[in-house]
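Structures given as structure tokens follow.
Note that subunit A is present in both complexes that follow, paired respectively with subunit B and with subunit C.
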Partner chain A sequence: MFFHIVLERNMQLHPRYFGRNLRDNLVSKLMKDVEGTCSGRHGFVVAVTGIENIGKGLIRDGTGFVTFPVKYQCVVFRPFKGEILEAVVTMVNKMGFFAEAGPVQIFVSNHLIPDDMEFQSGDIPNYTTSDGSVKIQKDSEVRLKIIGTRVDATEIFCIGTIKDDFLGVINDPTTV
Partner chain B sequence: MTDHYNKLVKLAARAFYDDLPAKSENQPKTGRSDNRGIAVVILDALTRRQWVREEDLAKDLKLHTKQLRRTLRFFEEEKIIAREYRRETAKGAKIYSAAVAATADGQTTKEGEEKVKLHTHSYCCLDYAQIYDVVRYRLHRMKHKLKDELENKNTIQEYICPDCGKRYNALDALRLISFEDEDFHCENCNGKLEIESDKLAAQEGGDGDDNARRRRREKLKDMLQKMEIQLKPLVDQLSRVKDLPVPEFGTLQSWEALASAAGRAANGDNAGDSRNSHLGYNGAPMPYSGDTKVVVDFNGTEGKGEGIKSETDGKPVKVLPPWMIRSGMVLTEEQRGEVKQETKMDGTSTSSTAQYTEDKKSKVEHDNNTNIQDEYIKAYYAALLKQQHELAEAAKKEELSNSQTADDPSSSISIRQVGMKTKREEDDDGTEWEDAPIGGNGNGNGSYKAVDLNVEADEAAADDDDEDIDWEEG
Partner chain C sequence: MSGEEEENAAELKIGDEFLKAKCLMNCEVSLILEHKYEQLQQTSDDPMNQVSQVFEKSLQYVKRFSRYKNPDAVRQVREILARYQLAEFELCVLGNLCPETVEEAIAMVPSIKTRGRAQDDEAIEKMLTDLSLIKKFE
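Take a look at the complex of A and B:
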């Protein structure tokens, strides 16, 4: 699920960036620093959308670096148990398959793949129905439901299922 | 068709809400607080009604209102009943009563049942269309959940290292992939992990032994089977109801309008009809709105366009319907200066508090209704005459203002409302004569209230008597 929230961060800026463009430098450094990171609490920071407030800089003793407290708005993505996501398959093996929904990695174990889909090893490992009409392989797009998350301080990993109504392949790369 | 739906409701009630209060109450049960099954009783009662005022329902079921409300709130959350709230005076209550009377399901409230104050009333009604969906959805979810567990869906796959015995689960998957082959490998010994087979519902029992798992599985199967058997009647009823049109009562407002219209049509012109009709829904004047007319006349300030006076005067003395009598009495009392006494004591609108009222009460009790009626009428006419006299002589501005305020509400035909307003003014003014008459309305209010409490019907009569006595004194 996406959220638009305000976060705060203390930015350290090297004195060489001081000058007319200090603010711009600060903002671009902020984006470089936080976009794409993940915190267990807020999820993945997808994009910084605005600066709320930049506090007074504090010069650090001995270094000349200045610390600015920056409040910024950003879009974060946080997966939840029970959430339905659309994801792209990245890897298929006999244990199941891995998929990505944006920054989130999801593993679907083979017992959460419908029973009528069998693992086929080979050049392109895949899960296929007996009549061959549905196939899951690398780059397939699937709709899945998250049934568990593992949230660490800097990492979120999910496991999902496609063994339910309206879940499964939504776009087969071989037919496109 | 409604029968089928009602049966559905009853079955669902017994299947799902049988143990309802037990769930919500934390405190240990004493014999008295054991309310098991109350939900079923309430739902059954609702199948015999359409829109019902919750207080009335509580009274009918001999339940405490709070208790009823708690259950109803739960049903509301369950989406099986619709509720409506509105702040209303006696008028609103009357509209509802009229509508109820029109539905003719034996729930008729007493005539003259009215309210003193502006109260928030809540009404409830079964929402059959939604019940149908809710029950189906519930069944679906129940089945789904059991099947999921049975098929080990939504459980987290476990893996075990055959070499060192270390266990992993699917959440570790990312760490376990090795990029040499596509298998999962043990972090310790790099052995190939194997799927923990037959890992049924292991998550719940920890690493529960196989026996526990098997037992659990048996239990689930058993539950699923039992469910199918025990809920069969409900499922059958659902399919029976499937193609039937759903009973719709609409919103409270539209239902009232419909019901009272139907009632009027059915009743023709008899007295009962007139009683209902003056409850006109939007406050649009109804043909028989005798109450309103009387009020206007009394105030005298407003146009008598309605011909109230003539109507009342012209009538030969005969037994008036009770509602008429009441309004008449109110008027006379108002006219009278006697109200002054009442005002003093009157802080409360219900005159019953006044000691002199009590005297009257005793008297009243002796009287029979018929006698009372006759007396009322006589007193009423006498009072009317006197009133006119007084009005002619002393047309005070205050009176005017009073009457005007009184008249404004008349647009909505609510006597009670008028009474309330005037009463307040009266309080402000203190002991003034003309104001005092309005106090009569206050009495009227009191009687409404009493009547409203059904139980105290006698008291209401007593109030009437009070008024009666006043006239006699006058």
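Take a look at the complex of A and C:
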């Protein structure tokens, strides 16, 4: 799910940026620094949308760098266990398939794909029901439930399932 | 972290910080990101180079999965859902997935029933009808 939240960060600024453009420099450095980053707690920072306030700068002894506490609003993407969302399938193999929901990767193991869907290898590997009516392949859109998340310093990785009511393929690229 | 272990969106356990935060539906994110992208286009020749991969992927994703395109419809969806005493998170899941039946809505947002609110099937049904009307007249 996407959220709009307020975060705080201490920005260090080199003295050469001081002057009347100090604020602009600070903001553009902030965007460069935080956009695209990911933390386990807040998820992926997608975009900075505004600055709440910039505190008083503190000169660091010995270097001349100044630290400003900056409060900013941003759009973050944070997946939660138990959340249901839609995703695009990016890769299919016999272990299961990978899907992407915005910046996050989700793996759905073949144990968590309904039992009546079988893996078919070939040019376009896919999972198909025995009657051929439902097919999951690259670029399919699926609705899935996140059942686990793994967080490391720069990435969040999710495990999902489509073995539940109202989950599964919502849009098959071959039928459009 | 012990808090991490107990996380479960189905029971609305998403941590205090996110529970109080403003959730955004995909269509709202789409409006925000497109606006930001347009601003970038004005200031640089090659905006795609300026943005992070996370931004690019998010923009593609929300464009693909936005149920409502025009800003008025997006505002209406939020207004309608706001009448039903939903948590922000529940509101956005419903807005994103647009369930068609009451059972589907409950399967998508189980907390709608368990939090002891007077949310009967009739009310949910009414809410879903209102939502589908916006879509129709968009």
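Quick note on the criterion: the second predicted complex is superposed on the first by the 165 of 176 C-alpha atoms of A that agree within 3 Å, B and C clash if a C-alpha of one lies under 4 Å from a C-alpha of the other, contacts with A are read in each partner's own complex, and residues count from 1 in each chain.
Criterion: a contact is a pair of C-beta atoms (placed from the backbone, for glycine too) under 8 Å apart; a residue touches a chain by one contact, two chains touch by 3 or more.
Being a predicted model, the structure only gives us computed values, none of them experimental.
**Student:** After the overlay on subunit A, what do you see for subunit B versus subunit C, clash or fit?
**Tutor:** Aligned through their shared chain, the two binders fit side by side on subunit A.
**Student:** So if I put the vertex at the Cα centre of subunit A, how wide is the angle out to the Cα centres of subunit B and subunit C? Nearest 10 degrees is fine.
**Tutor:** It is 40 degrees after superposition, to the nearest 10.
**Student:** More subunit A residues touched by subunit B or by subunit C?
**Tutor:** Of subunit B and subunit C, C contacts more residues of subunit A.
**Student:** Which of the two partners, first being subunit B and second being subunit C, lies in contact with A:M95: first, second, both, or neither?
**Tutor:** A:M95 contacts subunit B only, not subunit C.
**Student:** With the two complexes superposed on chain A, say which partner A:Q105 touches: subunit B (first), subunit C (second), both, or neither.
**Tutor:** A:Q105 contacts subunit B only, not subunit C.
**Student:** Quick one: is A:R150 in contact with subunit B, with subunit C, with both, or with neither? Answer first, second, both or neither.
**Tutor:** So A:R150 only meets subunit B here.
**Student:** After lining up the shared chain so the two structures overlap, which partner does A:T161 touch, if you call subunit B first and subunit C second: first, second, both or neither?
**Tutor:** After superposition on chain A, A:T161 lies in contact with subunit B alone.
**Student:** Once the structures are superposed on A, label A:V142 by its partner contacts, choosing first (subunit B), second (subunit C), both or neither.
**Tutor:** It touches nothing on subunit B or subunit C.
**Student:** Quick one: classify A:V169 as touching subunit B (first), subunit C (second), both or neither.
**Tutor:** neither
**Student:** With both complexes placed on chain A, how many Å separate the closest C-alpha atoms of subunit B and subunit C?
**Tutor:** It comes out at 5 Å between the closest C-alpha atoms.
**Student:** Using the superposition on A, tell me which residues of subunit A are in contact with subunit B and, in the other complex, with subunit C.
**Tutor:** 164
**Student:** Could you please specify the touching residues of subunit A with respect to subunit B in the complex?
**Tutor:** Residues 91-96, 98, 105, 107, 109-112, 125, 147-148, 150, 157, 159, 161, 163-164 of subunit A touch subunit B in their complex.
**Student:** In their shared complex, at which residues does subunit A touch subunit C?
**Tutor:** Per the stated touch rule, the residues are 1-5, 35-38, 40, 44-47, 49, 75, 77-78, 80-86, 88, 100-103, 141, 143, 146, 149, 151, 164-166.
**Student:** What part of subunit B is in contact with subunit A in the complex they form?
**Tutor:** 152-154, 156-157, 159, 170-171, 173-174, 177, 182-184, 195
**Student:** Okay, in this complex, where on subunit C does subunit A touch?
**Tutor:** 4, 7-11, 14, 17-18, 21-26, 28-29, 32-33, 36, 51-55, 57-58, 61-62, 64-65, 89, 92-93, 96-97, 99, 103-104, 107-108
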